[in-house]
Amino acid sequence: MGSTARSGAGPCIEAAGLVRQFGKDIRAVDGIDLSIGYGEIYGFLGPNGAGKSTTVHLLTTLLPPTSGRASVAGHDVSTRAGAVRQAIGVAMQEVALDPVLSGREHVLLQGALHGLRRSERVRRGGELLEAFGLAAAADRKVGAYSGGMKRRLDLVLALLHRPSVLFLDEPTNGLDVPSREALWHQVRRLAREDGVGVFLTTQYLEEADALADRVGIIDLGRIVAEAPPGQLKAEIGRPTIEVTAAEPAEEMAVAATLALFGSAVPARPGALAIRVEDATSGLVEIMRALAANGLALGHVEVRQPSLNDVFLAKTGRSLEGATEQAERVGA
Amino acid sequence: MRRSLIQLRWLARRSALRTLRRPAAFYPSLLFPLVLLVITTGGLHLSEHVPGFPATSYFAFALAGAFVQGALVGGVNAGVDLATDMQTGFLNRLSLTPTPRRLVILGELAGAVVLALSQAALYLIIAVASGVRLASGPGGAAVVLALTVLMSLAFSSFGAFLALRTRSSEAVLGTFPLTFVLLLFSSFFMPRALMHRGWFATVAAWNPVSYLIEAVRGLVITGWDTGALARGFAVAGGLAGLAVALTALTLRTRSVAA
Amino acid sequence: MTAPVQSHPPLRHAALAAAGIARRNLRTALTTPSLLLPPLIAPLVFFAAFCGGLSVLADAPGFQFTPGYVAFEFVFVVVQGAVFTGIFSGLTLARDFESGMARRALVAVADRRAIVGGYVLTALGRAPVTAAALYLAGLAAGMPAGGVIDMLVLFAVTELLAAIGALWASGIALRIRSVQGAPMMQMPAFLGLYLAPAFVPLGLLTGWLHGAAAVNPFSLYLESGRGLVAGHPVRTAETLAVSAVLIALLTLWALRGLRRATAQAS
């Protein structure tokens, strides 16, 4: 089934006001709206505890929503969960495989559970095992597989029944660079050639940058930004220079000098930070100006854009702080 | 319907394979009831000479305990395996297929029931090879196997219920000593009529395991004791019904996602 | 330059280290119900079940034990309880390897034999609690109290059994370094205990079990223990001698395990 078969179809994933609450106080997903098309790769970025995996669990029918609605492949996740599961493939964050079964046994089991005919299970399973470099190890028990092999098998199982929507929950965690890039290549091909809608959760900006057509940033259960990666990069894809004044009394003078060279952005406590167009020339100019005003610095740091900067820009908090807060709230 | 049977078959196959491919866990579960049977027969052989003892062979008398013990331990193991699948996320994997949730759970249990049946068949073969003649004949052997299936379904369902409630293999494993308590405070070693301590006889009378043991024992040493059989099947059926109902209710109210 | 650390002579140092390990283990057990209760409750359950369900055996021809079946079984469960208290201590060592605490001890203690000593001391500290609980349960069930000296000797024998169990299990723990070794610790002890006159006297066992029980050292402990309970001590000196031999052999077993653990930890 290629991309033309799905072009013109509605969104493959749609959500409106999606909420998932645990207990009385914990809102792991706090009103998410989504509209993702077939053939699109949507990157879902956020720190640990932001609600990424809970969102995936809601969309894949593992958890019922507390309120709001969502549909996947045109089926409501609450009322037509079976149809949703028929249409989706999921590679989960925890690569849940049975160590005493072989790769091929996993494939046959998964195929049987998806209702594939035996001949189709064998043929399609063989093709995918070959495509993902697992044919030679197919009859070995999964307990003997490396981490990368397990991730690849997970993807084989997710694709076995030719899903129209693919959920990848932090799929490259623990993979080395070649394996990660091979996985990216497969994901791009699925979306571009087969028209599969891909919902990808990740902690890594460069992964979203490499793969995603659009990126949604989630923090404390809410989407705080949603844009193509190029657009996000344009907003925050500039380096930041962070300084501390050598004398606390001179902090205001340092801030006034910095303001001439870029826009102020949130910084660590006791520090001042501005975003500049170019790190090298910006730093030289700033140092000259400070020296000319007789101002000394205690600490200077140049940072390229990171997920932390995205968070600082969007939430006013640093990523480490975001993780601790999410853990306190239980998101 | 056909698709459901195929799904159930594959899930049961996986469940059974998982146990068979862990010899360090499988063989002790299989052999320990036999070891206990042999040891207690040697130690309690003298019981054959106690006035009123209902059998001429203590081995034949005690054989019934092995079937019940196997089903009880198998039930705990089924619960531990299900909880482990929840902890590792494998149950999520199964739940992400179109297979209905109740079938996923049933498939996990079906493997345990198949193993219990195989175990019971092995014990019957060993018993006959050791010279035990079932008083109820081949028909009785079939009834023993049927009762084993029902017992195994009951205890595996209780194991599944605990797994779904606790989501912890350690918590389910923590109930393992309870299986010994249930066996020890029953008619496992002695018939209730020869229990001199009134309190113990009362406890054994209230213990459902006593009726399961007595149903199997009747088929081995007495013949067609319809009263014991009726009580045994009623208890096994009642336990199975209760356990399945509890499991189904828990499945409805709790998500399987870890 | 700082002054060198003043330390105790080596033997005292080792004793202090062993005592420290035992103190920590005992404190942990006392404050953790899941560690405290099972080794205490299990023997009581067995005691109740055997006395409640098997007391009719006292009516069997040839069964003679004046203090009664409760006292007869009391000896078995107190022996079983002591052995398994020792094994539980070895299991604690295995858990400590999994958690990393044992490695901490390996790098901290000068004479590592003190580590084994610590876990044996732990068993010696716990065994009297189990024995006392069983004794009180026996009294409540109508068992005669027995002579004071006889009971003290019996409790001393249970301490030796606890040490034997701890040394055996520690040897396994030092080799396997994981709770996966639990069946290897427990199964030989279980078989040893039940291939002995567990339910009836040795003279009333027949066939292969009589042969096995006749050469089983646990039979000696049961016989001498029942003699003490009946007020007619028999083979007590033999029991102490066998205990000394077993403790010596199992100490070597445990220390060889320690050497293996040390070699593979470095």
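The chains carry the letters A, B and C, assigned in the order they are written, with residues numbered from 1 in each.
The rule we apply is simple: a residue touches a chain if its C-beta (ideal position, glycine included) is under 8 Å from a C-beta of that chain, and two chains touch if they have at least 3 such contacts.
As the structure is a computational prediction, the values presented were derived from the model and not from experiment.
Least step count on the touch graph, chain A to chain B: 1. With centres taken as mean CA coordinates, the chain nearest to the overall protein centre is B. Rounded to whole angstrom, the centroid-to-centroid distance between chain A and chain B, based on C-alpha atoms, equals 47 Å. Chain B and chain C have Cα centroids lying 32 Å from one another.
Averaging C-alpha coordinates per chain places the centre of chain A 56 Å away from that of chain C. Within chain A, not a single residue touches two or more of the remaining chains. By the touch rule above, chain C contacts chain B in their complex via residues 34, 38, 42, 45-46, 48-57, 59-63, 180, 183, 187, 191, 194-195, 197-200, 204-209. Chain B meets chain A in the complex at residues 3, 6-7, 9-11, 13-14, 17-18, 21-22, 88-100, 255-257. Those residues of chain A that touch chain B in the shared complex are 57, 60-64, 82, 85-86, 88, 90, 92, 94-98, 100-101, 105, 108-110, 112-115, 141, 157. Looking at the complex, you find that chain B touches chain C at residues 24, 28, 35, 39-40, 42-47, 49-51, 174, 177, 180-181, 184-185, 188-190, 194-197, 199-200, 203-204.
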